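Multiple structures follow.
Presented sequentially are two complexes of subunit A, the first with subunit B as partner and the second with subunit C.
== the complex of A and B ==
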């Protein structure tokens, strides 16, 4: 009785059902990420204590007990899962008395800011360039933009990062100016890194924007708009641009994932103290808890972002049915 | 209802084949799937060029070291980070530097070339060492020496502080710090009891490229038995068409060697994971139903893993033993994380194919699983497979480059294009060629494979079949 009424309520709210379903599968995905991370980490030969300087067996035992390394693997796994549910990622192995939660709390906002800026540059630039290319279809500017897009996709991000650093250096030399080359002390330090980080996504959005604008060209409503006597500019802004933007929204999910992981390199090259740089350093130093914490955190972040973006599509474009 | 109406008489000849003027054939010569695809590919200029570039790159890495026989591991510390050059010359000088510090007491012992600033060069300035001296300043208790690559603007802009002479009558300096065959501007500031005054003098010294006799013999540039013959002469140094790296290793040889690593990972990993994906996706799609759902759920989870983070994690987890290059762990990690997306693609295609009428009729005629797979399924996913494979190569090369760049890839001294980039970024500001060449190779390779992939996708896309190329 109760069960069927619950089902009826769910049927009344298909969107809620959909969100609930997605959240459940998202939770399973996060669990899978956590498990893969845990067992991946424990496959590593040696343990975090083996790199320390020679210690007596007694001290080693104490250390193992402190970090729970003396317990059986499955028990450790259980503790690990329990702590994750509590939102506690443990204490860093290499940095004295530093909680992984604190590391994430301090450094993730910088990465997030960098990512948001990159996303902003990428969407703005991509939409603009894509529209420009479509507007001047088969003219010089279109060809130039498309060549640029192909080139950008073929050059590794770290090369752009390094070359842009060199570029800033030369500009500073030339103008006796003082643009920041590396480090982080305010948002100005993130502008060039964000542009570099967003380049790949920018190229992708440009391509998508151009092709979706060209697809729309022959749509009925464009013909209607022309028949009504609207000017080219009006048609472009009011009818073409708005409709062409929709497919671009669908890229946001993968774009956020790409920008998040691409941040690793950019943060390293520009010495930005974001979470990505920390992750790479933690891997180099085999800091178990930091690696596991950041991976699970990033994984969870991505899973949730993708779900949110999916729900967002449905809201932006009612024609897309997120609910089946 | 009777057929009482007479049929018109029809002559027998009306039924003979038409023997008049031959009509133009309405159809093009029939071409099968592969021939059509190939014809379209040939018409695609960028894709065709890319194909040739890829063949060229493969030849470059495979037989390049047979032609350019320079050891990619041989270090030449006399030519560190030297820019691309073919005919670099060097002066052969003795191994031992005959130099004694100049004090006021023995000032006259040296032949001096006096400059307007009162500073003068001692001996021949070379890239091995540059020695100079200056007029003593009355009352100075010491001197500080600076080096710059440009004419200093003022006392705040004298360049690299090289050292300090602690005695007022020690009026010479020997510089042997990473010298290159360029112009240097040396400046000397006298230091007094009360500190330094706004007073300095500068001399411009051009360093000649030089090589010590012992080094020249050690590198095999000049024969050992008549080495004294070469002393003081100018010899040709080994050519480095793409320059050398920070240990004086030949960049061209290292790019050839690094290409082997990069292309090996870029080709082998996709080959294996596309095959695994085909197997898994094929089985999943073929079975359908509950089994398909479970198999695909597993695929979904692996795809949800943050790719690069897990690449790094697995790469570390598989460990690197001593003396290993780190290629194998990277290969395994790449395969483990990449097959699911191929599986998903193949499964979708197989699900579509399963509904095709020709599969149905083949089944009705009693075809077994083996026959269906081999005769119908496989040929119909080949195009998709080829396109997937082509696009998988650049992303594998990118991944390798990325990992090697952050120091998680191949282990030194094994070069790969990514690790060469990593080395190059350290010297980017002074010697950009060390980053630019490997980056160029990565970019050209990735570009070529991407364009070829685009071409293949267009060529194999059945939707465009009706259109003329």
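== the complex of A and C ==
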């Protein structure tokens, strides 16, 4: 009785079922990430507690006890899993009086803001440029845009970061203005870094947009629209753009995750206190708790983002349905 | 969709508009009106709790916020701080504290604050990395190893303002030590109340130094303000030290300096690219000797080939520190090292290297080959198997050094060197476990005494990663523990240095130096080789209406300054 009513509810709300299923598989994925990172990290030779000044065996034992490193590996793993479920990632090895939770809480929002801004510039610019290139297919502006795209894809991000910083300095010099060249004191400091961070994605979206617009050029519904006597502009906005956007939406999911977690170089050059810096430094310092905390957190973030994008995709394209 | 596009365009223009508002927000290198300076850090201080701090950045910040019994004054001289006078004997020391020294909340700094702090440093539960620096105090080492209770530490508060210290062994450099970070006082009530949060944030930090910690946004920003309760506040001219930038990126730091956003940066060392740019911009370059020495360390464990003295001597007679420092590494600021003990160390009255000069090893390939032949004979080998050089991937020029050694030893001696490149932590681990034949290593001094370098090769020292064991050397080290006579001590150190060379224990390579830039109107910045490498407590700003001339454009007192030519 109960069982069948539950099944009925599920049948009534296929989307909920779908989300529940995805969440469960997401949790398994996170557990897998956590386990692999935990054992991988402990298997790398090296020791988070070693430092240039040697300490006595007694102190060494105390340090190990503080971080629970004196227990057998499987026990440590059990404690670690229990703590993750409680949402507690422990205390950093390098910054002995900071909790990993605090590090994530304080620095992730900045990385996320930078990432979202970057994504905003990337999608806006990518869609615009892609549309422009498709509109002027094989004309000068199309060629220029495509050359730019290839350039952006092939030149590594840190070059653009350094160049743009020099660029702001030149602008300040010429206009006697005072645009910030680095640091973080409000959202204005993130604009140039966000543009730089989004460049790669922008180039990718431009190409995608251009080719998907060209693909639908000869579609039946475009011919119908032309036959109806719609102007070129109307056709472009109402029919072409919306359909061409679909493939673009699919890349947004991975792009969100990539951009919000991949801002390390930009964070360095522009002195932005994001999480990327902590993530990389933790690996270099073998800061076990920070490595685990940030990996599991990023893993969870990625899983949720991908689920959200899939739902969004269904909303944009009514042809996509949750099929039982 | 069109509505969305319009919205996006609107948001974009809004953000551009917002960014132009950024014009009014101005961080500048020097603010003469408010007596403020702005600086940048390469990383945020990991531990601001003085009993546990062990890294350069934390030391620098702490040196502005806390003060010990003695301090280094504007010209690098030791001078009274919380202690107004003292008596140092062979068996101990007594410090009489000033009665007007206050914590930032107005409470008086007392002798008990020192007793509490020092007990916490050696408390095995604290697990302080710098506990060893308190070992000259009676029972410190035993307490630290968990053998004696905290109360047995040789330090007593006779009354609120008299501190009595008993030594484990004579310690003529004890006054240097009490100026060190680990010897700073701690407030017992707050340390116990705040627990783990002590010194984790601006709200849970209490200062007794020239500045207070006003704001600390982790990873982003530190603001320090002049401490109104500081007993010597009249000699502090800056009202505020801003640190709004934290990044490791060298070109970003240099750009911030060019834009006059920062007056200098911590820890500043210009790379060759930045030096070229600085010369193009006609900036005046300054040089600062960090005090650290870099060298090749041999593994002296019995089961290693490098245990053989003749093999070590063969390698020693091939490596030319001058050639290596200037031609191979070619980093402006470094100077070639021919001995372990740097030039600035004082012997009896004059620098040790002047009183007891040491002839550099002659670089002679024939001698080297003779030594190698003897080594082969002793080891009963026709060819020497490959030797492992342990290096790390950090900024200490490991790869370049490794490749040079590979080429050189292969050319001259036909030796094969294999590079073992590891991340820093792993390199340390391998080094202390003895998994190497040679390692490229460095040592920075903790106090101004030759012992800070020399005791590294004492067989009982935990930092002796080479596991060099020499009864004669150990005897010399132990003799320094028994005397305070400067002449005798200088003789002892000279003998040790000779052994290190004759026995080819290490091969000295260079003394590290930094080339840096600093705003020409910022003066009085103190740079030191021990403790905090840079300090702005006595810094002051030369007003804009005074033209910089040769006389007031002189560099800071302590480091020698040279214009570097390209």
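Convention: the second predicted complex is superposed on the first by the 304 of 324 C-alpha atoms of A that agree within 3 Å, B and C clash if a C-alpha of one lies under 4 Å from a C-alpha of the other, contacts with A are read in each partner's own complex, and residues count from 1 in each chain.
Everything that follows uses one rule, which is that contacts are C-beta pairs under 8 Å (C-beta built on N, C-alpha and C of every residue); 3 or more make two chains touch, one makes a residue touch a chain.
Everything numeric here is computed off the predicted structure, so don't read it as measured data.
In the three-chain model built by superposing on subunit A, subunit B clashes with subunit C.
By the touch criterion defined above, A:124 reaches subunit C but does not reach subunit B. Contact with both subunit B and subunit C is seen for A:268 once the two complexes are overlaid on the shared chain. In the superposition on chain A, contact of A:165 is made with both subunit B and subunit C. Of the two partner chains, subunit B and subunit C are each touched by A:284.
In the superposition on chain A, A:189 contacts subunit C only, with no contact to subunit B.
When the shared chain is aligned, no partner comes close enough to touch A:219: not subunit B, not subunit C. In the overlay built on the shared chain, the residue A:156 is in contact with subunit B alone; subunit C does not reach it.
In the superposition on chain A, A:20 contacts neither subunit B nor subunit C.
Counting residues of subunit A touched by each partner, subunit B versus subunit C, the larger count belongs to C. Taking chain A as the common frame, subunit C overlaps subunit B at a single listed stretch, which among 420-428, 438-446, 456-464 or 510-518 is 420-428. In the three-chain superposition model, subunit A touches both subunit B and subunit C at residues 44-45, 162, 165-166, 169, 268-269, 284, 286. If you check the complex, the residues on subunit A that touch subunit B are 25, 28-29, 32-33, 36-37, 40-41, 43-45, 150-151, 153-159, 162, 165-166, 169, 257, 260-261, 264-265, 268-269, 279-280, 283-284, 286, 291, 294-295, 298-299, 302-303. Per the touch definition, subunit A reaches subunit C in the complex via residues 44-48, 50-59, 62-63, 66, 91, 94-98, 103, 106-107, 117, 120-121, 124, 162, 165-166, 169, 172, 177-189, 191, 237, 241-242, 245, 268-271, 273, 277-278, 281, 284-286.
Contact residues on subunit B toward subunit A in their complex (touch as defined above): 300-301, 304-310, 312-314, 316-319, 394, 398, 401-402, 405-408, 418, 421, 425, 428-429, 432, 435, 439, 442-444, 446-447, 450-451. The residues of subunit C lying in touch with subunit A in their complex are 1-2, 8, 11-12, 15-16, 18-23, 25-27, 40, 43, 46-47, 49, 52, 54, 124-125, 127-132, 144-146, 196-200, 217-221, 244-249, 251-252, 255-256, 258-259, 261, 422-426, 428-429, 432, 462-463, 465.
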